[in-house]
Amino acid sequence: ENRGRLLISCPDQPGIVAAVSNFLFHYKANIIESSQYSTNPEGGTFFIRIEFECPSLNTLQDELKEEFQPLADQFSMAWTLTCVSELKKLALFVSKEPHCLREILWEWQSGDLMAEIALVVSNHEEARDIVEDLGIPFYYIPASKENRADVEHQQIQLLKEFEVDVIILARYMQILTSTFVSEFPHQIINIHHSFLPAFVGARPYHRAYQRGVKLIGATSHYVTDDLDEGPIIEQDIMRVDHRDHVEDLKKIGRNIERSVLARAVKWHLEDRIIVHDNKTIVF
Amino acid sequence: ENRGRLLISCPDQPGIVAAVSNFLFHYKANIIESSQYSTNPEGGTFFIRIEFECPSLNTLQDELKEEFQPLADQFSMAWTLTCVSELKKLALFVSKEPHCLREILWEWQSGDLMAEIALVVSNHEEARDIVEDLGIPFYYIPASKENRADVEHQQIQLLKEFEVDVIILARYMQILTSTFVSEFPHQIINIHHSFLPAFVGARPYHRAYQRGVKLIGATSHYVTDDLDEGPIIEQDIMRVDHRDHVEDLKKIGRNIERSVLARAVKWHLEDRIIVHDNKTIVF
Amino acid sequence: ENRGRLLISCPDQPGIVAAVSNFLFHYKANIIESSQYSTNPEGGTFFIRIEFECPSLNTLQDELKEEFQPLADQFSMAWTLTCVSELKKLALFVSKEPHCLREILWEWQSGDLMAEIALVVSNHEEARDIVEDLGIPFYYIPASKENRADVEHQQIQLLKEFEVDVIILARYMQILTSTFVSEFPHQIINIHHSFLPAFVGARPYHRAYQRGVKLIGATSHYVTDDLDEGPIIEQDIMRVDHRDHVEDLKKIGRNIERSVLARAVKWHLEDRIIVHDNKTIVF
Amino acid sequence: ENRGRLLISCPDQPGIVAAVSNFLFHYKANIIESSQYSTNPEGGTFFIRIEFECPSLNTLQDELKEEFQPLADQFSMAWTLTCVSELKKLALFVSKEPHCLREILWEWQSGDLMAEIALVVSNHEEARDIVEDLGIPFYYIPASKENRADVEHQQIQLLKEFEVDVIILARYMQILTSTFVSEFPHQIINIHHSFLPAFVGARPYHRAYQRGVKLIGATSHYVTDDLDEGPIIEQDIMRVDHRDHVEDLKKIGRNIERSVLARAVKWHLEDRIIVHDNKTIVF
């Protein structure tokens, strides 16, 4: 199909929208959806996401990119142009708890997740069957503090081999080193089982129970070097009360985790997210 | 200040955004916020709301409008251009229950409602004090089925006299005739105390109780000739359970009503709403 | 295990709780959880649900029931006593859309649904694999308006044979006749894909789109002779906007449907629901 | 009227409910509402709240309390018995921002807050008019770090004089010393403008903006010696996005703050809250 998406960040100034829309109009592109945001109209940063239909986009793609560059230079733009028909390649990392993995696979089976699931990596064997039943390669790579460097080396090799665009940590309970993270900047999406910045780190449901909160939550964010401190993509919560013990919080939480992660992944795949200043703009 | 808003509806086709943004750029306007929607890129209707900063907008306003007309004609646009600094004039209609009136007045006092409250009209005396204490004219006009024509005639006179732009029915428990409604198309905002289209008409909380629903709601909509059938602007709900009797539903409902109405009024005042096909596009 | 549940409805009067708790204390039962409600302390109906631990409940069960009868007679009680260890037998009815079926099966696999899934009945073959993979009997019974009587006869036979306690209509898109419904009073749980009483009947998402609502919902209720008019167990909603077309509403709606149905089923299995006056009391 | 409330905490064991309900039945009391909870049926703590109608409760009150003591001793109960007709005396503390004060006053005017508002204390003059207009004494007591001891001494005197039962910090932006707090254990209710335990301390909206959260919240809790660490009574959140600057978060937050605080105060006044282990049980 002929649908494309243009994502741009640049210093704000008058004329950006005019220049970009003229460019697209020149290629007979019809703008389907457009969202923009400026941190500050005077001296701030400007962001825009444009989804458009352009006849023969597949053929014209390279020409478009080449021709756009001078315009991008003029406004000091950081930009990407993607074709909707070229599916992103996705890797899923999972440990023992399968609910987030299942949700993503389910969405994918239902045709609601426009991506290619290239492979699933796990430090446990539990998920092998449900993954291989769908014809997706499953890699069992036992991981622990001791063998972290080796394991990550192996994982990076795999991800390169499969030309993976985005890595989903679907409750992968291992910490990634900065070596790994720096290979995939803003390409690793994690689901943390708390309402960040509350309960950063381990055992958030235990600590939520201990503190006696009346709402529990989950947070999906891009992974950076600082544990649970990366740009937040999406969060949600559910109500709990004094009758809910840790096990109840976990059950309730699983439902929040899977829907929050699914939304974050969907937005990433639709090129709706721009990271700026350790925060996300979600168009 | 120099902030303006442009709202446009027209048949969708390539080049609209380019034409409009070129026009604005020509006047050195910087686009601050822009939202658009198309019912269907092929043969559908296109809608756009642009908020911009334009040097000397107040002085240039008439020129801008004149110069924009040829462009509008070319694309068969329905359009409005408003200056943010020219406050809309608002009339509040209220009966006995004061919670929605109070919420609007409160927002206004806090500086969160950018409008001029021109007058309050009521078929009861209860609200006189809180209104007049704020220096707002209060008109007591007893209303009933019998004197409806006279009453509405009197109200329309008042509204014309005060040059009112928008009428808020803040729990005004009288039905308006089509004579009245046709004087103010898409300018009358009502709050209905149910989750429409459930419980159209009278005594929605009683009927919600009777039906045993687990959520109750409120709906803000533009008033049309069909009772409770006008374009919906905003809705919200709260959870209730078997212990809540009609009186409890009313109490809980009051909180939903006032916040739903306040949001709808705010969006209207910010020119965020376009009515199309008995539905609203809220940008 | 020794956990039991006592559900009682009777005319309200002083002394009920004292009598019941004395009875339980006599059997050394410890009350774990107790909830009660009265429609009106004077002349209303009283409801109570008591969950208790009683040593050797399995052995004592029949004796307890026998001994409780005189007390029940004294207060004109309708009552049931269930042992938590005796799992309810559940039948799932499904048509083409699998999301609600999957959610229930998933909860069951995770150990979060304390029931025996006796069989799945469908008028389509689509779900056979995921059902039989779990070792659950799957019955394909094509159904249409024409053969309704025969089909229901066959279904009732199956349900009797499997001694089914509760029937879940997990998006079963066939109407049940009053013959069928009357066989299983307050034992059939349906999920309707709208926020009842809005959009009773067919194609609710189309009508929600048409009406331009800002929230869509789902409702789980017991099935009675009146279509979509049975006692509501649970409802929930999600926010939508003008950009969401019918297909989007369906996608969003599927998430509401499955979680609303899962909650309703869970509450039913835990004996938390009493039906009174076409409404539910959910303890 | 004859309505009473009994709140009990004691070590869990069989027979408590039987003993208490027998006692009430002896006084011809009809139990209207009853809620209970046990941290652990074996060796845990048991909590119960019973609301009842008892003929001539006002006259019988002292006798009831006297007669209940032996039963309380037998089960090692901590307990309180209150008459609904004896309104609690409430003090409101406020600084500059009036929205929480206004909400409480409004609820009180509407008859939805069953309490006597004894006085309002503020370190600013802003709220004087709206308070005194309602005939409520207003005390202006300037407060700062320097004069904290004197100010608190003066405040404690006032609160004793007015025989205040509960103190509401309706956005009172001064820290209370442990001297003050220890005078009113579990009697001081604060509203904190974040979703605790996120953003403990000063300027939570600034920090929420900085962190890029997608939901903001408010928390109502009992005040203890540890800042923002007291038992949480109620929390709620609203959705925000990248377009919301600090000022927007504050506006949105004000709506959460006032409704969360109003609910917490209502539950406290209805004797629905028991504090246990730095957490609340809300019946």
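First chain written, first letter: the chains are A, B, C and D, and each begins at residue 1.
Going forward, a contact is a pair of C-beta atoms (placed from the backbone, for glycine too) under 8 Å apart; a residue touches a chain by one contact, two chains touch by 3 or more.
Note that the structure is predicted; figures quoted are calculated from it, not measured.
**Student:** Which chain's mean C-alpha position is the greatest distance from chain D's?
**Tutor:** A
**Student:** Same or different: do the copies chain A and chain B touch each other through matching residue numbers, with over half of them shared?
**Tutor:** Same, since over half the interface numbering is common to both chains.
**Student:** If you average the Cα atoms of chain B and of chain C to get two centres, how far apart are those centres in Å?
**Tutor:** That pair's centroid distance is 42 Å.
**Student:** Using mean CA coordinates as chain centres, what's the gap between chain A and chain C in Å?
**Tutor:** Going by mean C-alpha positions, chain A sits 38 Å from chain C.
**Student:** Which positions in chain D are in touch with at least two other chains?
**Tutor:** Correct list: 33, 37, 243.
**Student:** In their shared complex, at which residues does chain C touch chain B?
**Tutor:** Counting only chain C, the residues touching chain B are 37, 195-199, 211-215, 217, 231-237, 241-243, 278-282.
**Student:** Going by the contact rule at the top, pick out the chain C residues touching chain A in the complex.
**Tutor:** On the chain C side, the touching residues are 99, 102, 106, 110, 112, 251, 255, 259.
**Student:** Touching chain A in the complex: which residues of chain B?
**Tutor:** Residues of chain B touching chain A: 12-18, 21-22, 24-25, 28-38, 41, 53.
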